[in-house]
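Worksheet for the structure shown next.
The letters A, B and C name the chains in turn, as written, and every chain counts its residues from 1.
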Amino acid sequence: MNQEPTHSHQQTEANTGQPAVPMWLIGLMMVLLLLGAIYFDNNGGWFDSNVYAPYHNSAELDRYQLPSLGNEQVVLGKRLFEANCALCHNTDGTGKTGQAPPLAGSEWVNAQGSYRIIHIPQFGLTGPIDVKGQTYVIGAGMAPMGAQYTPDELAAVLTYVRQAWGNKAPAVTPEQVSKVRSELSSHPQQYTVDELKKLPEQAP
Amino acid sequence: MFMSAAVWLLVSSLFGLIASIKFHSPAFLADCSWMTYGRVHPAATNALLYGFAVQSGLAVLLWVFARQGGTPLIHPVLIGGAAKLWNLGVFLGIAGIIRGSGSGFENLEMPRYAVCILFASYLLIALAATITLHHRKERELQPSQWFLFAALLWFPWIYSTANLLLLKFQVRGVTQAIIAWWFSANLITVWLALVAIATVFYLVPKLVNRPLYSSHYALFAFWTLLLFGTSTGVPFGAPTPAWMPALSAVATVMLIIPTIAVLKNVCGSIHGDCAPLKSNPAGAFIKFAMPAFLLATLMKCAASLPHLNAITNMTWFTVAQSHLQVYGFYAMTIFAAFYYLAPRVAGFDCTRFAKLHFYLMALGVTVLVIPLAIAGIKQGLMLNDPSTPAVDIAKATIPFLRAATTGELLIALSNLVFFINIASMAAAFAKKQYALLCSGDSCETNLAEVKA
Amino acid sequence: MKHGPLVFLAAFFVLSTSWFGFVLKPQADLGNAVQETNVVSTALYPQPRPGQAHQGAEVYRANGCFYCHSQQVGQTGVTCDVVLTAPGTNLTAAAEAIAKANPALATANLTELMKKLPANILTNVDRSTADNAMKLLKAPDMKAEVHIVPIGPDIARGWGRRHNVAEDYVYDWPVMLGSQRVGPDLANIGARKPDANWQLTHLYSPQGLVKGSTMPSYRFLFETRKIGRVPSPYALQLTGDLAPAAGYEIVPKPEARELVAYLLSLNSDAPLYEAPFTTPAPAPAQTNSIAAK
């Protein structure tokens, strides 16, 4: 049984034919590759991982971005506030009795000059504080929650606080925050309310 | 291995039949959680792909390596054991899917335990095959052997990558889908095609008693199939960066090139002399498989062209195309291989029902694919029309799905005939062996290929 | 080719090109995606699914829902609308500006238009046309906006507001995008059909709610049991043919409730850098001035 196929195997396969691949097939392949390359150029976004169909390239994607609403700082500030501050001060700024004073309508927040208010998140606060006629005392005081932020971020949070929930106070700039931050070496610990009251309203 | 492949083919077609019926009679077996469509369908495809396609492909691979190399198979016992292990893996995998442990990735639904078993079994078979190749007496590699050797490497790489990155070290987000698509494309478009083309390049010269038309064509087809086929996975409209579907679309259209090369090679070998093909049952299957290959490739290319892809995307058309590729091209080629080599292994003619098998299968594939393709186009056009409610789209495709179910029924019947053919052959072979043993003669044959 | 190793190397090389392209590069680009900021609100997107919804994803996977339902909304283009939000203090100047921006409106009743705000000045134009129009809409205190509007058949059907991108699937495993649309796309079903009772009844009997539906019923996710001392609060309210026998109630099993929780969590409506669109204006909030914008 093994002999017969082997014989024909040698006969039929010893010399497979040698005609070369015809030019028309190679030509067709080249043409298709060219068309494919043109298609890819138009629709492929050139390997940019942000470009999804139907956008053709990243320039087009940029053109169709949403118009800026001009409030990026407040949007960032809101997110950071809700991540870190809302735990004690509540997302609507009403504060928690016994824990944190309200920020909505607070005279400290609404002061024209931002110099004093920057100190609170930057350095922290210890001792009792009067807000809207009520006294708030927290055991360990407020930790310097804003010290972890960059000046841009802390300015964003304070701007948000000063413009949300009916507050109407001017925005805070990163430069103002940096100025306050530079005082860290001379007064590293938490501020007390008396020390705060001694500070001028506007930055010197 | 062919025997168990046949069993799985039957199982898969039964599942496929059930799944197909559910489309126009949703209440059919709906109350049993084991038989819900979402479990029956993957069971069917996995049984088809892993139980039948890969296993029979490996069987053909071993045969070709042994014959063209001029050596008997090395370690037949190892291969036999590995084949049994493979069957165990497929069984556990299907059971897992029916139970609800399907992985959620198309064509990769088998749970982890089944995957490990399948992979181990594959490695054993690949080892035996490579050693057989290494020991070949004819040092020059024939085209079929290139295709099969590449296939031997291809499967473990894509299977292990896909399963590791999807099941074990789970990648994040849509990357999972990309890898799953990459795997599917490489399995169906590349691996199955590699094995089927190798089989055709082996069988046609044998049948017409003429050498293969051109080894240059074969080399060209080999390279272009590998190069283009491997990048065809990502479908149009996928939620991935735009370069991926674009690249896949280009690669898919390029697939026409290896198809033309293969067809020219086959036609050139036949050289107008179709008579030998008519007399041998294997020839009939190949005569169906080659046009099916061309049509399947054309369908795939058409479905990737810029305006057509918006219509065929996510419709029955893609299902029709993959059915044509697997059933019409690959399965037919494997059946051809079986009807060619089975008599040579068993030593007697066992192709009694081959004609019936062929007609049932050919008719079944036609009745399955054409209605599904039409349904897909209709569905796509309706999907692109926002005023058509979704339920109307489903209703519009029902008549075509009924026709497709008839096709599935015919295919199931043809698989039954195939199974009967193999079973009767195996039984007769075993009887003959027993008789020989009893009469004191020994007979050297490749046992592994038949009894596994 | 004589040599086995040559074939091996050829195959290796070619497969490695696609491996680099479709496995390595996507993983490098997208594999470490984390939550992004939704470009207009302050929420991080996407949010990980809460407990029941997370388990529901497993039920979705086990029952193979993705074989008929896709979870990817497509988009074929993007256009702009120019919308007037405030005509300003000088209505004549405003009317002139509008007529300049859109000559087609020159003959329309602009005073009526300016009363019903927001009003579309231009619809379905490209970005440069919209920007040019914005430059012309300059009257005292006049406010107008450019809205980015994705278009496509999926979006027109209400299946989503924008196409899905990689970021939408960051927290999903497995990502079940689906490859067939026998049934509607489910990427935003949580926004489209937020009613849990509807979803449960639909799973119990799709044909009861959607006439002619080919979706199989998933009654094995429900239990028919005798009503105890009081009816279960989870029991389905069914009428007509679907209602159970007297004295019995149909109660969803935990899998059904998890699956519905998952379906209700499917919502990918956030605008992102790679998928911008103008969200419809939310209802004005009480406490926060930002949301009122």
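The rule is short, and it goes like this: a residue touches a chain if its C-beta (ideal position, glycine included) is under 8 Å from a C-beta of that chain, and two chains touch if they have at least 3 such contacts.
In this text, all values refer to a predicted model and were calculated from it rather than measured experimentally.
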- Note on the structure: When A-C and B-C are ranked by contacting C-beta pairs, first comes B-C
- Closest chain to global C-alpha mean, per-chain Cα centroids: C
- Item | Rounded Å distance between chain A and chain B, as computed from the means of their C-alpha atoms | 50
- Item | Rounded Å distance between chain A and chain C, as computed from the means of their C-alpha atoms | 23
- Task: Averaged over CA atoms, how far is the centre of chain B from the centre of chain C? Could you give it in whole Å?
- Result: 37
- Task: Please list all residues of chain B that touch 2 or more other chains.
- Result: 237, 239-241, 247
- Contacts with 2+ other chains: residues of chain A: 47, 49-53, 55
- Query: By residue number and range, which residues of chain C touch two or more other chains?
  - Reply: 29-30, 74, 76, 163, 165-166
- Item | Contacting residues of chain A [partner chain B, same complex] | 1-2, 5-6, 8-9, 11-21, 25, 28-29, 32-33, 35-37, 39-40, 43-53, 55-56
- Note on the structure: Contacts from chain C onto chain A in the complex sit at residues 25, 29-30, 37, 39-42, 74-78, 80, 127, 145-146, 148, 152, 163, 165-166, 271, 273-278, 287-290, 293
- Query: Inside the complex, what are the residues of chain B that reach chain A?
  - Reply: 67-68, 70, 142-143, 205-206, 209-218, 220, 224, 237, 239-243, 245-247, 249-250, 253-254, 256-257, 260-261, 264, 268-269, 306, 344, 347, 444-445
- So, in the complex, the side of chain C touching chain B is made of residues 1-4, 7-8, 10-12, 14-15, 17-19, 21-23, 26-27, 29-33, 61-68, 70, 72, 74, 76, 153, 156-157, 163-184, 206-207, 210-221
- Residues of chain A defined as touching chain C within the complex: 47, 49-55, 61, 63-67, 69, 71, 74-76, 78-79, 82, 92-93, 163-165
